[in-house]
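Naming follows writing order (A, B and C), and every chain is counted from residue 1.
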Amino acid sequence: MIQLTNVYKSYQEQPALQGVSLSVSEGQCAVLIGPSGCGKSTLLKTINRMVDIDEGEVKVRGKAVQEYEPEELRRNTGYCIQGVGLFPHLSVSENIAMVPKLLKWPEDKIIPRVKLLMELSGLPLSYLDKKPHQLSGGEAQRVGVCRALAADPPILLMDEPFGSVDPLNREKLQQAFIALQKELRKTVLFVTHDVEEALMVGDLIFVMNQGKVVAEGTPGQLAGSMESAFAKEFLGKEYPMKLLKRYTARDLPMDSLPKDGGDITGSATEDMPLSLKNPPLTENSNLQQVLSRMLEENRTTLPILREDDTVRYITYGALVAHLKEMSQ
Amino acid sequence: MKQGNIKGWLGLLFMALALFLPIGTLRPNRILPGTTFHLYSLLKEPMAWAFVVLGLILMAFLWSLVIKGGKYTPALDVFPWILTLLPASLLTAIAKYETIEVVYDPEVVRISLSSGFWLGLMGTILILSTGKRKGFLFLLTFLFLLVPPLLGWTPHLALLKEFLIIKPTFFMELQRHLVLALVSVLLAILPGILLGYGCYRFQRGREWILATVNFFQVAPTLSLLALVMIPLTLLSQAYPVLADWGIRGIGFAPAFIVLFCYCLLPITANTYAGFDQVEQEVTESAVAMGMKSNQVFWKVLFPLAFPVILSGVRTAVTQNLGNTILAGLIGGGGMGALIFLGLSQSASDLVILGTLPVVLFALIADEFLRRIEITAHYKMGGTYDSAHQRV
Amino acid sequence: MKGYLRSRMLKRYGVPLLYLILFLGWIFSSQMWIDMLSPWLPPNVGLVMRTPLPMLAWQHLFIVVISTALSVLTALLLASGVRLSRNQEWKSTVLTAGSIAETIPSAAVIALAVPILGYGNGPCMLALYLYALLPVVRNTMVGMDAIPLEIADAAEGLGMTRLQQLMKIDFPLAKPVIFAGIRTALIINVSLATIGATVGAGGFGVPIIAGIRSYDPILVLQGSIPVLLMAFFFDRIFRSSSI
């Protein structure tokens, strides 16, 4: 869907992109991560021609971006930035409806679309006529995402969209985005400097430094050995631990009977009732929570309460095996 | 009257001064300076008692304030309405002043308003400005002031006499003044906005544009007028057809040109500031959505800059209404013609007659445009706090 | 001196110096040029003025500088008073009074000053004094208000009295804005002083108005050029940036 080949870009004497090549398939969410100044925002902007490249090729749907009319390209690309940039003089619904209006969609197509998007991103319909200055930072960003998706573009570009939101709301926004992406399956290029955010939302991660891609892979693959020392350092020593947050108990194989019940040291115990002290883990609990509980209760097998109120068991071994699998 | 106490006390101070300063001047005719008289001399007149009563109410009100410590009484709401009558009744009283000692020719005798009256008027305005609905109350005071002359209760008022003498000319000059001042602003709006947009888009041209436009504000208006007159005279002599259209070296043409140029700075500078204050993320989003340049301008930049642009137009209008007076010096008419005529004839009442409409129109235009500006500000997503940061 | 410094100094002092030189050149030599060119000029033009240009220049300067200086002093005192009181209401009253006073056209103020002060320089200087008050007071108050609250807090925390804060912090920090106000006042006054000629004041307004009345463009030029140069000179001197 998106393909960059050997892209170079400099601002006056300052090189921003020095030979970047990457490709993103349809429906994938690719994350560009790196320190400030590494060129990730610039790279993002080459795709909708907010920035024109000096050398190399940027192709969208097989066609070079220069072959599209810039306005046509941009109307088919959603764009979310950190400051959101909502139009202060227009209401929420007018903001969201802007691109469809530019594309001259009929009214009866626009209104349900706006409402659908607001529902999907968790905004109450009462916000339709609110003005941007009445919204909180998180709410404004949700409107920004809706606005970007309004005309159903195949590609979504996001430049540190959740950066200016406080940590609690940021997590909520990430979850909302993940849910949205599950539903809509857009091709997304997501820029961030936050490693945790990257491995939460991304299917594919590109680590950048000084205008080049130094490492790429799925979140799991990046936990394995890497050539780039920089990438290793940037992702951090606790990367595998952070990676655990990405997967949930649902990703693991479950048994109806406890297997080698025992604590982490290996000694056996007989029965394993559902612990009454702590609330039971569910299928949605992420693996970090699972591992924490295992350490807390000192055992390698844990009961999971499923949605249909049945109990299944997962093991530490399965967890490690899953991680290993993801890193291939 | 709890808040705005300073204005209230200042207003009272002015009114107290009105008691001691000369309140009117009796002149046997237009030229002689005449004799001044004070408030106490008026007390022989029954009409004078009207405002003495009002003054007593004022005192009582103040006293109640002091004693009750500023607590609310129903009298607080009624009082401002009564106060609007004060200047008008004062005016009537002054105008009815007649001395018995000397007999004057009733045709020519006139009574001018002196500093005491004006201070009393200002004091009233100040006190009224502390309460609610002040715009309406100001209007009411002004309307009441017009009533006595219209009803013929003030036949000897100097202002009225001057007005009656030049009545047709007055309205003609007023019309010319307004046309000159307002049309030049109207025509300057479009170029001003274009220049302002030029400043916003082209960083290199910015300095030059602003410096050029600033030139007209720095240069003394009279010298600009005079300098424009010279080529216009030459032009109209070379091409007589221009003279037929009214474009001559003197008259409205040089005044119009200078006024037009003078308006450019406030409009240009404000347009540039208006565009500049639009957040970069907003314009970035607009471009990223696939809006063309003109769409970005009309859908985003211009609406958001509009309140600031309007503020520039407001400044230009008030400036122009004042500057048009100079047109009177070069045969362009307007209220300036009255003012300078009064100056040359040593008739200060004629000068006041010329000044008052200009001040009134300037105040009205300013308030009117300001209200539109604030409405626009809210519509374009401004908030209550940001609205009160603009003057 | 380094290259860019030199060009900045040139801009800052060079341009006003140029204006000054042109100004002096004009007032001292224009009559000479006109006399030289007289054979080529149309008749009844270029009448010799009663007062020579240098004298008019001195008169104009006198009127402008004295009244503006007094006005600036008064304005600074007034603004300081408001600042020392830390009273928002005084500030808004003064600002509102100023805005309303601004709508009274300047020419009318001169004309109305005549009954009080007679004809001549008096009414002109009074009008200039009153008119210069507004920009300076407004700019001083606004400039001092723009000082970040943290600085004022810090000063108070250090134990400075309000007067000490005024002299050591408020004035120095608000200086650019105050100077901008003084510049505005000076320019307004140079312009207003030309109208003083209608009430018998001296200065460059005399040849301008005389020239208008007698259709004498040379006379007009003789008065207009130097007053323009004077205005630009003051404008440049009081600007901190190069625009």
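As a working rule, contacts are C-beta pairs under 8 Å (C-beta built on N, C-alpha and C of every residue); 3 or more make two chains touch, one makes a residue touch a chain.
Since this is a predicted model, take the numbers as computed values, not measurements.
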Chain nearest the overall C-alpha centroid of the shown protein atoms: B
Pair of chains ranked first by number of touching C-beta pairs: B-C
Chain centre separation (chain B, chain C; CA means) in Å: 23
Euclidean distance of C-alpha centroids - chain A vs chain B, Å: 61
Interchain centroid distance [CA atoms averaged], chain A/chain C, Å: 63
Contact footprint of chain B on chain A as seen in their complex: 48, 50, 70-77, 79, 81-90, 98-99, 102, 131-133, 144, 147
Chain B - residues contacting chain A, complex: 279-292, 295, 299-300, 303-304, 379-383
Chain B residues touching chain C - in the complex, by the definition given at the top: 3-7, 10, 33, 129, 207, 210-211, 214, 217-223, 226-227, 229-230, 233, 250, 318, 321-323, 325-326, 329-330, 336, 339-340, 342-343, 346, 348, 351-352, 354-355, 358-359, 362-363, 366, 391
Chain B partner contacts - residues on chain C that touch it in the complex: 87, 89-90, 93, 95-96, 99-100, 102-108, 111-112, 114-115, 187, 190-191, 194-195, 198-199, 204-205, 208-209, 211-212, 215, 217, 220-221, 223-225, 227-228, 231-232, 235, 243
